[in-house]
Structures are given as C-alpha cells and as structure tokens.
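Here come two complexes built around chain A, the first alongside chain B, the second alongside chain C.
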Partner chain A sequence: MASLIGYYSLIIGFSISFLIIFFSIKNLSKSKLDNKIIFSVFFQFFFVSLSFLGLVQSFISSDFSNETVFNHSHTTVPTFYKISGAWGNHEGSLLLWLLVLTLFIFLFLLRSNDQPKKYRILTLLFQQIIIVGFFVFLIKTSSPFNYIFPIPNEGLGLNPILQDPALAIHPPILYLGYVGSSIIFSSALAAVVTNYISSSWAKHIKKWILTSWIFLTLGILLGSIWAYYELGWGGFWFWDPVENVSLMPWLALITLLHCTLVLEKKQILTSWVVILSIATFTLSMCGTFLVRSGILNSVHTFANDPERGLYILIFLFILVFLSIFIFLFFYKSEKTTTNSFFWLSKETSILINNWFMMYFLSVVLIGTTYPIFLEVLSSEKISVGPPFYNKLIIPFLVPFLLAMAIGPKLKWIKSELENKLNLILFLIISLLLSTFIIRNLDINFLINTILVTSAFYLFLITLKDFFSKKFKNLSQNLAHFSFSLLILSILFNNFLSTEIITNLKINETYENDALKINFEGIEQRDEQNFKAIIGKFVIEHNGGQTDIMQPELRIYNQPNIITSEADIKTTLYKDKFMTMNSVQNQEYFNIRYQVKPFMIWIWLSTFLISLSGLIGFFKKRYEN
Partner chain B sequence: MYGRKVKLRFFFIILVLITLILSVFLILKSLEENVVYFKSPSDIKTLSETNKNKIRVGGMVKKNSISIKEKKLNFIITDFENEINVSYSGAVPNLFSEGKGVVAEGYLKDKSFFLATKILAKHDENYMPPEVKAALEEK
Partner chain C sequence: MRTKIFPISLIIIVSVIFVIFYKGLQNSNIYEPQIGNQKNIPVFIAKAFETEEIFKSEDIFEGDKFYLMNIWSSWCAPCRDEHKFLLNLSNQKNLKIIGLNYKDKKKNATNFLNELNNPYDFIFSDTDGTIAIEWGAYGVPESFLLYKNKIVKKIIGPIDQNSLLEIKELIQ
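Right, the complex of A and B next:
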C-alpha cells in the first residue's frame, strides 16, 4: 500500500515538472512571479516527500513485496535501522537526492523575493532540468518501488556495517550538502543568462554556498567518525576514492565561498565565480557517478550497477555541455575596468587561497580518476594510496597555512601590513615552540618542525585575534582557528599514535616494555538481530594504571556477517582503541590495541569549522 | 607600447600557465612513484623479475590454508591456476576467511612468497573486488 502511494506520488511529482516548466516559460515575459509557480513547486516537493515517506513506511512495515525493502531489510532489524535502510541503498538514496533537489528549489523561491524575477524563473528552469533528469533516472533505471511476486516471507537483511547511528544520519546530511550545490549551479547559470553576476548576486548566493558547505562538512565528519570506530582501522581518513569524491566538492565550495567575497566587494572575478559554481555541482555529480557506477575500486562501494553509471555519465555530459554553452553564449565580461590587483591586498590573498585550493583539488581529482583512465588505456590495474596524497599535499600546506594567517589581516584594494613586528614575533614564538616539541619526538626534525611551526603560527595569530578583534569577523576567525586546530591535532595524532597488533588465545598475555595485555576471556550475549561475543582484556601499564577494554564481535543473523565493534576510551588527551577479530577455524583472536592522541580534537575542530559557517550564515554583514 | 592592463593580464596568464604546468608535472611524477599495481598470482608467475615495489595481490584464500602463530598469519592466495604463499602480521579484517576473496598489499620476496603489510577489508559479504572478479573470470 505504502509502496503504491510512493510510486504514484513519484509519477505525479514527475508530471508536475512539466507543469512548472510550462508555467515558468509562460511567465518569463511577465513582470511578476506567478503564484501558480510557487504552488506547483511546493506540490512537487510535497509529492516527492510523500513518495519518500511511502518508501520509509514500506521499510518500517517490512513490506517485502517491495523489491528494495526485500533486498535491504529484515524483520529482525531494529526499527531505527529499518528507517535508515530506506536511504542506505542505491534506489532509496537517489529518491533522497530528488527530495533534496525539490526541497532546495522550493526554499530558494521562498527566500529570493528580493531578487529579479527573471533570474528566479530561470534558476527554477535550470533546476527543473536537473530534477527531470533525476526523475527519469529514478523511474527508468532504479525505481525504489518495484514489485515482486510471490511475496517473500523474509528480506535479505541490511548490511550490518550500515547499522550504526552515525551512518544512519550520514547520507541525509551529506546529501543536503552535495545536492545543495545544485542550486548554486542553477542560479549561476540563470545569473549568467540575465547578466546578473554582481555584488548583490554574490551576497545572495553566499548563503546558499554556506548552507551546502556546512552540511557537507558535517556529512564528511559523520562519515569519518563512523569509519574510525566501525571499520576498526583506527584511522579517520584513508584517501579512499569514495572519501575523495566528497572532499572535491568541499574544496570547490570553500574556494567559491572565498571568491564570492571578492565578487561582493569588488565586482571582479565574475567568470571565475561562474566556473566554480558549475564545477562544484559537476563534481558532486561526478561523485555520484563514480560511487554509483562501481567503476571505482573502493572498499566503501556498496550496491552499484554499470548501466546506471552510464546514464549518470550521459546526464552529466548534457549538463556540462549545457553550462559551457550558456557560459560562452551569454556571458558578458565584467563592466568595471578596475580589475587590476595590487600585490598586497585582501583580494590577492584570496586569489592565493584559490590557487592552493585548485592545486589540492587537482591532486585529489587526478589521484582518484587516474586509475580509471589507466585501466581503460592499458588494462593495468592500480591503486593510489595515502603516500601519493601526503607527498603532494603536505609540502604545500606550509605556505597555505601561513597565507591563512596573514591573508585576513589585509585590507581590500591596497593594503599595508600592519604590526609587522607582531607577525614576526609570533613566527618566532611558534618556531621556538615547535622546535622544542619536535626535538623530543623521534621523527624527521626539519620537515616536521616547519610544518608544525606554520600550524602553530596560524593557531596563535587567530587565537590572538579573538581577543584583539573582539567579535568582528568571528566566523572567518573561528574557521581559520579551527582549521589550525584540525591540522595540529592531525599532526600530533600522527606523531604520537602507537599500535600493538598481535594474536592471542584466551588467557594468554602479551607483554612489551610499556604494558601488558591479559586476555581474560569472552562472554556471549544475544541481541535482536545479532549475537555478540565480548572479549575482556585487562591492560596493565607500567605506571601501575590498568584499563579494562571490551571489544566486541557481532555475528549478524541476516546477512550472516561478522563485524567488530571497537572499544574506545576517550579522554581529552587521547583515545584508547581496541578491536578484536576472530580468525576462521583458529583458537587465536587477532587483537589490535591503539593509543591515538587528540582524536577528539579532530572531531571537535571539524565541528567548529562547520559552526563557523553557521555563524557566518546568521550574521548580517561580514565585512565592514 | 601596450597598456598597463594588457601587460598585467599577460603576466597573469603566464603565471597561471606556469603553475599549471608545474603542478601537473609534479602530480604525474609522484603518481609514477606512488601507484600500487594489482597482480593476480598468475601475473606474478609470469613476471620476469621481482622488484622491490609495493604491490597488491588479489584472489581467493585457499581452503585450509590459514595457519596462525603468535605474530604471524600464513595463508595462500589462489586464482585457481597459480597460488602464492602469504605471510602477514597485522590486523585481520572481519571478512577475511577461507574461500573468500582477499586483497593483500605488500612486497614480493620471490615469485612464490609474498610479505603482506596490509589486508584490505571489504564491507559486503557478496562484494568482490573488481580485480578479483576479473582475475577469476579470466579463468
């Protein structure tokens, strides 16, 4: 029943698209926006939501006549995960895409009353092109409401690794960011056509960029936290292709955000802003294509299907060609003649930011897609791992961090560096501080000192600014401060992490010169849809302190998969992290014990970064 | 001669081109050094020489081949035509078991012995790394 409602709502939503397009074209020459348009956009959003709720309801009631539910659910799955299972698969997640697309255009129309009418209508039209594309994709290749007969008694179950609170809300949050960039794409195109790329457009679109960026940041954060405790590797970023495709739009968005500041202030860089707006959404689409087509060899790849990939690819090409065409055909170069840059000014420093960002973006893009091209060209199969990214990104982080510290101090148009003495003083302090710390660690002295110095520099300068600037530019200051905090936490986390991996039988003890791990035993517990085996380990540190760690193995009933749940003891200084794995037909358990300093600061600083975006969102004026 | 604006623009374009060329060169150069090639046990048999580069070996874990000691885990990767012995000390992913697909990353000692530094986890019991699938389908 719910599936039927879902299916027909989807069809109705699709037909409304044509109604909207018809109304909009008719309305183009009129002076006022027709209310019919806003109503039909609302109804489209309403029916897509209804369709989505229909799918969720089918999941809740375990309606196995629905193929998607059958493939991804089971009666014993807890209700919360039945609900999140609705978007934890290909079909459902695309329906979520569509839902966010329609939600954003509806919000856009509501919140853009002060904008030119023609621009609003055109944005709506471009957004409808994307929406229609996704409707067709969804209905034709991946309908979430396919019917199966005879109706199975039981579903195939939800991948246990997805049965986790962080990952349950990860897709909706991530999608709000990912798909949110569609509105930037549509309105940039509309602004090009109406020749409205201006300071008032920049002011208006900035909010949308921020919205997308905040959600994308939070989405990546959630995914990262999940990977940390669920995958049992104790890391938070693996440079896996699936992670990279979310990082790329993030980098593009943050570049775009900085650029619109320049556009708002000086009416320059207009073409660059348009290109970035188009690139952001294209990268989001590419991400969807790469993840959904299964072309990428990623450990995170869940359900995928090459045919669907082909469709997204074609659609992607249409959108890219359309936007290039519109850009070349309609774009008029900037009217102002003051496009000269003085070398020391805020806009130059933002341009420097852009250059670095574009460099980081190309590194990630090439690293992610190179294996695909190589395989097509030479059928050689390769993978690109962390060393590639580390080597190319870390050296450039140093000037990047320094620029981040000094850039915001500059004024628009033409500037002098004030308080030069102060800036140099802080550099010396950070240099001394990092030399002192790094000397006591057993790591490469020169490289790491330089790296840590630049991070400390940004940290101290932004920290000082909290006091000296009071609440002026709070969001910018907080963002840069949190970024330095993030880099520092990551660096020290890398320097100081320790790890013990060993195989133990029950009642055996592992010993080294710092600690002793006693494997005291295991106990079993039955849960709703899995059986838990909980290990008990007593860790005696040399200082006399003891910890009890209880990592867990979960044996799920359907599908029959074992997952391991790490036991993590978190403090402000460090995480103690332990996982246990059984090895088939063996008495030994594979044990991994890690001490990871400053883990919580990595999460906290990323959270602060998105919070700074939120502050920026609610602040009326950024710059004086 | 030319106006200040033209000069500035010219200078700007040159700067962009130079950085572009430099960064592409840099990226491609380190790609060459840092990629990890994927081989099946049969590919390894046909290698003319074993070098010291890191590679990935994929295939199935042979039935009854896992043996474990305190530090070391030994098993055999097979593509049903050739096989290779793997020695590993490190964390084992959940879905590592006999008769299932596996990808090990590490270094070749010789053509029949592989020293793994990492075994890659997969999230889905039905999921098989495309490389493994391709290697098996070739059979």
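Right, the complex of A and C next:
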C-alpha cells in the first residue's frame, strides 16, 4: 500500500515538473512572479516527500512485495536500520537525492524574493531540467517501487557494514552538500543568461555555497569516521575513488567561496565564479557516475548495471554541453574593471589560493580518472594509490599554508604588510619549535621540518588573531585555524603511529620491547540480528599501565557476513585501536593493534572547519 | 577566427572524454591478476621424495611432453578431495604428474600415498616451502599444466570435475 502511494506520488511529482516548466515559460515575459509557480514547486516537493515516506514506511513495515525492501531489509533488522536502509541502496538514495533537489529549489524560491524575477525563473527552469533528468533516471532505470510476486516471506537483509549510526545519517548530510551545488549550478547559468553576475548576486549565492559546503564537509567527516571504526582500516583517508569524488566538489566549492568574496567586493574574477559554479555540480554528477556505474570499484558501487551508467553518463554530458553552450554564447567578460592586480593585495592572495586549489583538484581528478583512460586507450590496468597523492600534494602544502596565514592580513586592492616584524618573529618561533620536535623523531628532517614549520606558522598566526582581532572575521579565522590544526594532527598522526600485526591463539602472548599483548579469551553474545564474538586482550605497557581491549567479530545472520568491529580507546592524545579477524580453518586470530596519536583532533578540526562555515552563514545574515 | 578555436577545442575535448567514459563502461572492472603464463617455468634443484637424491628440474621436465605439477601435502584436507582426480589423470598416457610435497613430514606423506595410492610419476620434496614460492603458488593444493617449459594452465585450489575435463581437453 505504502509502496503504491510512493509510486504514484513519484509519477505525480514528475508530471508537476512539466506544469512548472509551462508556467515558468509563460511567466518569463511578465513582470511579477506568478504564485502558481511557487505553489507547484511546493506540491512537487510535497509529492516527492510523500513518495519518500512511502518507501520509508515500506521499509518499516517490512513489505517484501517491494523489490527494494526485499533486497535490502529483513524482519530482524532493528527499526532504526530499517529506516536508514531506505537510503542505503541505489534506488532509495536516488529518491533521497530527488527529494533534496525539490526541497532546495523550493527554499531557493522562498528565499530569493529580493532577486530579479527573470533570474529566479531561469534558475527554476535549469533546476527543473536537472529534476526531470533525475525523475526519468529514477522511474526508468531504478524505480524503488518495483513489485514482486509471489511475495517473499523474508528479505535478503541489509549489508551489515551499513548498520551503523554514523552511516545512517551520512547519505542525507552528504546529499545536502552535493545537491546544494545543483542550485549553485542553475543559478550561475541563470545569472549568466540574464547578465546578473554582480556583487549582489555574489552576496546572495554565497549563502548557498556556504550551505552546501558545510554539509559536504560534515558528510565527508561522517563517512571518514565510519571508515575508521567500521571498515577497520585504521585511518581517516585512503584516496579511495569514492573519497576522491567527494573531495573534488569540496575543493571546487571552497575555491568558489573565496572567489565570490572577491566578486562581492570588487566585481572581478567573474569567469572564475561561473566556471567553478558549473564545475562543482559537474564534479558531483561525475562522482555519481564514477561510483554508481561500476566503472570504478568502490564501496559505493551498489549495482553494476551498464544501463544506469550509460544514462547518468548521457545526462551528465547533456548538462555539460548545455553549460558550455550557455557560457560561450551568453557570457560577457567584465568590461569595466581592469584585470590588473596589485601584487600585494587580498585578491592576489585569493587568486594564488585558487591556483593551488586547482592544482590539488587536478591531482585528485587525474589520479581518479587516469586508470579509466589508460585502460580504454591501452587496455593496461593500473591502480593509483596514496603515494601518488602524497608525493604530489604534500610539498605544495607548504606555500599554500604560508599564503593562508598571510593572505587574510592583506587589504583589498593595494596593501602594505603591517607588523612585518611580528610575522617574521612568528616564522622564527615556528621554525625553532618544529626543528626541536622533528629532531627528536626518527624521520626525514628537511622536508618534515619545513612542513611542520608552515603548519605551525598558520596555527600561531591564527591563534594570535583570535586575541588581537576578537570577533572580527571570526569565521575566516576559525576556518584557517582549524585547517592548520587538521594538518598538524595529520602530520603528527603520520609521524607517531605504530602498528602491530600478529596472529594469536587464545591464551597466547605477543611480546616486544614496549608492550605485551595477552589474548585472554573470547566470549559469545547473541544480539537481535547477529552473534558477537568478543575477544579479550590485556595489553601491558612497560610503564606498568594496562589496557583491556575488546574487539568484536559480528556474524550477521542475514545476509551471512562477518564484520569486524574495532575496539577504540580514545583519549585527547591518542587512539588505541584494535581489530581482530578470524582466519579461515585456523584456530588463531589475526590481530591488529595500532596506536594513533591525535585521531580525535583530526575529527575535531574538521568539525570546527564546518562550524566556521556555520558562523559565516549566520554572521552575514545578521549584518544584512 | 581565434575566438572560435577555444569553443571548438573545448567541445572536442569534452566529446573525447565522453567517448572514453562510454568505452570504459563496457570494460569489466573486476580485477584479474595476470598470471605470467608466457614465462618459462622456474628452474630449481630439490630432493626427490623417495630416494632423497638431488635432482635438477630440467632433468625431470622434458620439452615435448605435458606435465602436471601438483603441489600437495598430507595435512591438507582439500588435497584428499582432489586425489581421485589425480588418480584418474595418471591413466592418461601423454601426461606425467609431478608432485611437489609441500612443508610435509615424510612419514605422514608416505602414509597418505599408501592409503590413497600414488598418482605421481615423480615427487619433489619442498620441506621449507621455497619452491612453491618460486612458482608463485597461493597455497596448497595448486596445479600447473606445463608444456614445453611453459605454464599452459594454472589451477588454484583442488582439481575438480570441470578442471579435470579441461586438462584432458588441453592435452589432446
């Protein structure tokens, strides 16, 4: 029943699209925005929500006549995960995507009253093109409401690694970020057509950029935390294709944000803003294509259905060609302002920042797509891993971090460096500090000292600004500060991590210079839909301090999958992380014990980065 | 003229990317390890299982015949399962079966052969497992079909009915 309502609401929502397009085109020449349009946009949102709720209800009531529910749920799955299972699959997640699309365009119309009417209508039209594309995609290739007969008694179950609180909210948050970029895309195109790329547009679109950037940051953070404790990989970033495709729009968005700041103040960098707005959404779509079509192997490859891949590919390129067409035919480059930049000014430093960002973006883009190109052109298979990214990105972080420290101190148009002595003094302090630290560590001295120095430099300068500037520019300062904190935590995490991998039987002991791991035993526990095997390990450190670690193996009944749950002891200084894996046909277990310093600071600083976005979002509204 | 070069090249580049992604979609993305089956088999020196004399691998593998090199062990349960297929293959006139006794005790291995019969024409001992590593074996059991010092076919895991038929077909 709920599925039926869901299906028909989806069809109604789809038909409303044509109504909206019809009303909008009729309304183009009029002077006032027709209320019918806002109502139909609301009803489209309403019906898509209804459709989504229908799917959620089918999941809650375990209605196995629905193919999606049958494939991704089971009666023994806890209710919370039944609900999150609704978007833990290809079909449901696309419906969620569509829901966010319709929600955002509705909010956009409500919140853009002060903008020119033609621009609003055109944004709506471009957004409807995207929405229609997704409707067709959803209904034709991946309907979440397919009926199966005879009705199965039991579902196939939800993949156990998705049964996790962080992952239950990861897709909705991430989608708010991805889909938010669709508004930026449509409104940039509309602004180009109506020749409205101006500082008032920049002011208005900045909120949308901030919104999607905040959600994208949080979404990536959640995914990263999940991979850390659930996949048992014991790290925070693996340069997996799916991580890369979320990082690319993130980089584009943050660059775009800085460009709109310049546009708002100075009416320059307009082509940057337009191209980046287009690029952000294109990269999000490209990411969807890469991970959903099965062209790359990834944890998010739900289904390797070539038809779906082909559809997204065609849709993606229609959008790309449309935006190229609009850009080439309508875009008029800035005439009034000259393009001369004084070398020492805020806009120059932002431009430098842009080029660095573009460089990072290209590295990630090439690393992710190059294997595909190579395979098609020469049928050679390669895999691009962390060493590639580390070697190409890390050295360039040094000037980037220094620019991040000095850039905000500059003024618009033309400036002098004030407090030169202060800046140099801080550089010397950070140099001494990092020399002192790195000397005591057994790592490559030169490159690491330079890296740590630049990170400390940004850290100290921004820290000082908290006191000297108080609440002026708080969001910018907090963002730069948290970024330095993130880089520092990542660096020291890398320098100081230790790992022990060994095989142990029950009652065996592993011993090295620093510690003793004693495998005391295992106990079993039955849960609602899995059986847990909990190991008990006593770790005696040489200092006499002991830890008890209890990593878990979970044997899920439906589908029959074993997952390993890490036991993590988190403190402010370090995480102790232990996983245990069973080895087939053997009585010993494979044990991984890692000490990872400053893990919590990586999460915390990323959270602070998105918090700074939030502060920026509200501060601007207050000022207006 | 100059202004047209940019749009045209942009469109060409985007179209090329489209074609490549389209082609990429049709490729399978399942990773298959490349087994270097065109290389000559590794040369090694090892003790014969029964006589404990030292043999060179070249003395055993002659050019023009089919050989099945089978890595086995008495402690390996799947080896028992595949044994009947090996016995079946040992009746083939144009195939010689060479065993590589992997990390095993001679007493246990002899008992194993006495119990299940011996399909091998010749057996090498690989007490420390290094020869199996040279051959790039993943584990026991594993079998390599050889012809003219080249690996024709590699069977990872026990031989079953299907691989039996395939071997018989290959050696015809």
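We take it that the second predicted complex is superposed on the first by the 613 of 624 C-alpha atoms of A that agree within 3 Å, B and C clash if a C-alpha of one lies under 4 Å from a C-alpha of the other, contacts with A are read in each partner's own complex, and residues count from 1 in each chain.
FYI, a contact is a pair of C-beta atoms (placed from the backbone, for glycine too) under 8 Å apart; a residue touches a chain by one contact, two chains touch by 3 or more.
Since we're looking at a predicted model, the values are computed, not measured.
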item: Side-by-side fit of chain B and chain C on chain A, or clash; value: clash
item: Between chain B and chain C, more extensive residue contact with chain A; value: B
item: Partner chain(s) touched by A:373 [first = chain B, second = chain C, both, neither]; value: second
item: Touched partner set for A:309, first chain B, second chain C, both or neither; value: second
item: Chain B versus chain C as contact partner of A:161, first or second or both or neither; value: first
item: Contacts of A:321 with chain B and chain C, given as first, second, both or neither; value: second
item: Chain B versus chain C as contact partner of A:359, first or second or both or neither; value: first
item: Chain B versus chain C as contact partner of A:381, first or second or both or neither; value: both
item: Which of chain B and chain C A:289 touches, first, second, both or neither; value: second
item: Clashing chain C stretch [against chain B; choices 9-17, 45-53, 81-89 or 135-143]; value: 135-143
item: Footprint overlap on chain A, comparing chain B with chain C; value: 294, 297, 381
item: Touching residues (chain side chain A, partner chain B) in the complex; value: 159, 161, 231-233, 294, 297, 299-302, 337, 339-341, 355, 359, 362-363, 366-367, 370-371, 380-385, 387-388, 391-392, 501-504, 559-564, 579, 581, 583-586, 588, 590, 592
item: Partner chain C, residues of chain A touching it in the complex; value: 289, 293-297, 304, 306, 309-310, 313, 317, 320-321, 324, 328, 372-373, 375-377, 381
item: Touch list for chain C against partner chain A, complex; value: 7, 10-11, 14, 18, 20-27, 29-31
item: Touch list for chain B against partner chain A, complex; value: 4-5, 8, 19, 23-24, 26-28, 30-31, 34-38, 56, 66, 68-71, 73, 89-98, 120-127, 129-131, 134
